[in-house]
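Right after this note come the structures.
In the two assemblies presented below, chain A is common to both, partnered first by chain B and then by chain C.
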Partner chain A sequence: MIQRDLVIVGAGPAGMAAAATACRAGLGVTLIDENLSTGGQIYRQSPAALAGLSVPTGESSLHGKQMIGELESLKDQIEWLPNTSVWGYFPERRLAVRSDRGWQIIAAKQIILAAGAYEFVSPFPGWTLPGVMTPGGAQSMVKTMNILPGSRILIAGSGPFLLVVAAQLHAAGAEVVGVLETARRRDAFRHLPSLFSYPKLLRQGRHYLQQLRKANIPLHWGHLVTSAEGSECIENATIAACDGNGRPRGQASTIAIDTLCIGYGFVPRTELAQMADCAMEYCELIGGWIPQVDATFETSVSGVRVAGDGGGVAGAIVAEIEGTVAGLAAAHQLGTIDDVTYQARFDPLAKQLRKLRIFRSALDRIYRIRPGLLDLACPDTTICRCEEISRQEIEEGIEFGGTNISTLKVITRAGMGPCQGKMCWPAVARLIADKEGKSVAEVGNVRVRPPIGSLAMTDLLTELSLDPIQEKH
Partner chain B sequence: MDATNHSSAKDESHPSVNADGVKTGSGPRRIEGNRGMRVDFTFDGKSIEAFEGETIAAALLASGGRTLRQTERKGEPRGLFCNMGICFECLVEVNGNPNQRACQYQVTDGLEIKSQPADSLERYE
Partner chain C sequence: MAKTAEVIVVGGGVIGSAVTFELARRSVDVLLIDKTLPGRATSASAGGLWPVGEAVGLGCGIIHHQSHSKSGVLNDELLLPGFFRDFLAQSNSYFPELAAELKEFGGVDIEYEPGAGLMFLYFNEEEKQFVQLVADSLPQENNLEVLSALEAKEIEPQLTGDLLGAARLADEHQVNPMLLAEGFKRAAIALGAEFRHETKAAELCREGDKIVGVQVEEERFSCKTVVNAAGAWAGNLAETAKIRLPIFPVRGQVVLTQTLPHVLNACLSNSGCYILQKKHGEVLIGSTTENAGFDVSVTPEAITHLCNAAVRTVPCLRHVGIKRVWSGLRPGTQDELPILGPMENISGYMNATGGFRTGIVASPLTGRIVAQQITDQELDFPIETFLASRFKRTAAETR
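Up next, the complex of A and B:
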């Protein structure tokens, strides 16, 4: 088995920055991603056959193209494994990967996990109807497939990302009937001074607000979707104003739509860090459980770093800097760059991150997940989408003794489906916390075991001997 | 759900143009522009037009089909949800292999795709 200098999992902004930095610093780099091309979710590229089409995107996607191009120029030096998923971590720094070419174990002197994040949707009546989807899902349908998910679209949830998606869906020809933001306008005003700490990002936000105004798309602060109705697909959404805790108040109204894009922010993907036994901490404002890291993003496990949203949600700009720092630190640790060079590059990056942290933490506070959202789920509302477990079944399971996630999983099957709990655990943990009068941190995290994703036994039995991934020499 | 609401969401079948001069229309659809090679596949026996590079989920969405499967326990309709391979809602059977994520699977000519029915309902009752 060949031992690589550095294996990076995830080719979004953090992974790409880490790969380019470490490669230039003299490390042998292997970059792995589930997707066919680099870019991650935010800079996701169209497949080659569709690359001629393009929906107007903006400044950030230009920057993404630059990053992708930069990585492309290093392609002879970086081992790039697209369409490859990592299904397990084994000590010491060994990753089990698989693709349609086969599977293998890759050992590494250094690992950077840059797995990104996925969207959190708080369960509500009707959220399983076709036509209800995440804003990111709708965005990538438009950006990479050039297909509109619907024609009359309501966007709801929380966070500045909603504005971006609204502007893009409008530009692509959809009728965006409105954006419902759970945070109230006064929440935004309260944190406005901190947002001036990073004028460039503040300007970006203002740009999207202006685009919405130009397109006559109303933005309703302090509003939310309380339910979705329809027989085969969503036909209506019921909407209401809400208080500071996200509890509906006043008269509800109904709006006819064919698509609802709804998301309340992002959850870091930490399965590999958990499997590696990295010490974790609960940070509600940046997405939940995250690995504890030092200034170089090294976890409690030596040689394993976590960069980007997978280590706490902070967006693409932060991810890129974190990836750069992690790549530098890996090279420094392996001795390919000296102390002076390392320090000279590290200091300004660390300073930039501190500045961004002020801005990000203001955003996190404005768009925090409100406790009342969970009350939208009725007793018969599905919480675990895979196993179709309702709120009532989960609460009965908690009463039966399922006061931590693992026990509740055994009692109710919630979290046992193919998504491996990604969709339901944030809500399940909150339900346990509410019922037991504990904090979500006290409820504890879920245990992660290999494989991540589904893996057929036959894959393991046959493909190893028949067609392993070619080693690069 | 009453019928009037149902039609109000779907009856705008005439294409029109929005304030920015971009064509609007009804339901999910392809945005205009030159696409790659035409490929055809079937979904539950029905022939579906698609283009090279599209995922199964994208091509089915553009054809207007939003329900990809029925759930096993309650027989509820489900469709595309996260579109990034995380949620496993868009599972379909591809050439006889069940549980393939439609959002991660690129179409090729002649694929036989089937929706996954609620046929295991009996297990639970």
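Up next, the complex of A and C:
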């Protein structure tokens, strides 16, 4: 079997940076993404046909365009596999991929997993109603299809991403009635000194706030959505002020809307790392279970690195630097750059990351997931969406002896659906932890099985040749 | 404080749980200890209740034969002994009543699903002749019908047109294997058994020719009898007390599809895979039989092989999504029969393992006769042919 030098999974900021860096350092690079173009979620570009219609973009998006252009200039040297998803990791650094032409195994000397993160929504009454979606989902509707998710939109949850999406939806012509941020203003002030550690990012944050003000979109700190109501789809959201633990207090009120964008931050996509048997650790503030890595982002599995949000959520700027470091380290490990060159490039990047970490950890503390959020779910609120299992059914299952993952799955079927527990497990683990007086880390994580993502039987009927596929566009 | 019990059962898979249930039912003071290891066979079982089908090789047997036999010729080597077929058939006959009992005592629905039976599908002359050989070898009461392709398609409209014919065993159905184990366990607890999960038996405590307890981390649990129901790991457990038990892990990989509307009426098998639709709508496709030690990984080769074999048999599965793929380790034995009952010259010890590919269907009767043996009751089925001593004898005879 042909072994590629370096295979990178994911062409967002981390993956693109790793690819460009490693390619310039003399490695043969294979870059895989399930989308048709590079950029990932954050730098997602409109298809050419829609280019004229796309929403106004900010500074960060310009940077994304630059990165995409840079990679474009290297495209003759990079094996770029768009519209290709990785559905499994197999021993000896073999990745199983599928595209619309069939499946194949791609073996690599070095792998960088840059799979990004998905959005976290804590279950609450009405969260499965049509019209309730994640901010990222609304964002990609606007960005790639130029479709507005609704006309009267409320944005809620936690984190700076809400502000970005609010501005984009407004610019695209929607009425954004407000942004509810669970964190309180005083939480933000408490960590303000640490935020001065990276003035550029602080300025970016201020820019988001100004955009909101200009658009007359009210931002309510210390508020949350306690439930969504509607018969066929969402018609109203009930909102309330909350305390530092995310528990509603005071009078609740109702607001009429047709769309609710709600997200409480991000959970790293670690399925491939888990499948590769990388040692994992639980870090609540950066999204839960993440692979343990060294300074070059190498996991406990030799030659497998994790960069960007997939290794702990920290945003695009950190992701890009991590990707660069991982790309360099892969080249260094395979001997295409010498020790001196490597060290000279590594040191300043490591320093920059240390500085960013102060800023990031302040953000993580401001926007941490509050324990009270889970209490919003009523007994009949669906927790596992795939199998439609309610909170009450899960709690009865725990009561019945389902105090560990496998038993609870067998008894209740929670986590038995196609998402393999990706959506419900953070909430289910907290329910078990509460009942058993354990920590979420002690409860453990769900086991990941192939396939990751969607894979049909027909995808496995044609095995492609083992030669590198050359995709020219 | 040191724990004591009359009987300690090691292993909470379907067999250990069944034994615990049957002991609790007989008012024995029993403790079940279990450490869920990745790859326990119960979790990767299809839950097929195919007593005759498995005994004559028309379930997983033919797949096993195809990948392990040197000749690859389908012959009477695939037929397991008649007494084993009787054992499985008797065990299978308990299911309707058992389903009701487990629901009543433990509150678990084991999803016992009578359907259109087990159909072995054949695609060529050799397979057809093998079916004939099986049919001739079976006593009348086993009810094997040989069907034309048309008749098979009448029962199972989604079958491929390439079919030559089918052999149908109308009384062979399915359960949910994990709920079956859970059901036995819950019922046992309700009847007074004690259960400790996440508890690993480090070793068996032996004094002279007597097993006196189980060492669990720092603690020693003492008992009058230990039941070794540790499945594929039973040999390792026995080894800690210098007991040689010829059990080896046989890996099986299975593929599960997304939830589908009702598409299959029967459990289907052919020489490449078996296919059955579970109660919640997923279609389960099994299974490889591989000697891979205790490695529980899955392989792209096996996954694609199973998917190809399934689509060839039921073409409408082509565009169906795959939900997950995983593997389990069957407790294998050389003669494909379980190892039950005491060991020669050792007291306080009882085997309940070696279920290989028939552990689920064999669990009700296995639970009974092991419990009956421990409580000195009359046995519902003779245990002699399942004793571990048969291996020593065979070795001596060949010498």
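Following the convention adopted for this analysis, the second predicted complex is superposed on the first by the 457 of 473 C-alpha atoms of A that agree within 3 Å, B and C clash if a C-alpha of one lies under 4 Å from a C-alpha of the other, contacts with A are read in each partner's own complex, and residues count from 1 in each chain.
The rule is short, and it goes like this: a contact is a pair of C-beta atoms (placed from the backbone, for glycine too) under 8 Å apart; a residue touches a chain by one contact, two chains touch by 3 or more.
No experiment lies behind these values; they were computed from the predicted model shown.
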Return fit or clash for chain B versus chain C, each positioned on chain A through the superposition.
fit
Going by the touch definition up top, name the partner, chain B or chain C, that contacts more of chain A.
B
Applying the document's definition of touch, where does A:A256 land relative to chain B and chain C: first, second, both, or neither?
first
After the two structures are overlaid on chain A, angle v-u-w for chain B, chain A, chain C in degrees (C-alpha centres, nearest 10)
90
Where does A:T407 make contact in the superposed view: on chain B (first), on chain C (second), on both, or on neither?
second
Per the contact definition in the header, classify A:E70: touching chain B only (first), chain C only (second), both, or neither.
neither
Go through the superposed model and pick first if A:L455 touches only chain B, second if only chain C, both, or neither.
second
By the touch definition at the top of the document, which applies to A:G150: first (chain B), second (chain C), both, or neither?
first
In the superposed arrangement, which partner chain does A:A96 touch: chain B (first), chain C (second), both, or neither?
second
Figure out whether A:P418 sits in contact with chain B (first) or chain C (second), or with both, or with neither.
both
After fitting on chain A, the minimum C-alpha spacing between chain B and chain C in angstrom comes out at 6
Do chain B and chain C land on any of the same chain A residues, and which?
387, 417-418, 454
Within their complex, state which residues of chain A touch chain B.
34, 41, 46-53, 55, 118-119, 128-134, 136-138, 140-142, 145-152, 170-175, 215-216, 229-233, 235-236, 254, 256-259, 385-388, 417-419, 422-423, 454
Footprint of chain A on chain C - complex, ascending:
36, 38, 43, 107-108, 178-179, 182, 186, 197-198, 257-259, 280, 297-300, 303-304, 307-308, 310-311, 317-326
Using the touch rule from the top, collect the residues of chain A that touch chain C in their complex.
88, 90-91, 94, 96, 103, 105, 387, 400-401, 404, 406-407, 410-411, 413, 416-418, 420, 447, 449-451, 454-458, 460-461, 463
Mind listing the chain B positions that touch chain A in their complex?
1, 5-6, 8-10, 12, 18-20, 22-31, 33-37, 51-55, 58, 61-62, 66-68, 71-74, 76-89, 91, 99, 103-104, 106
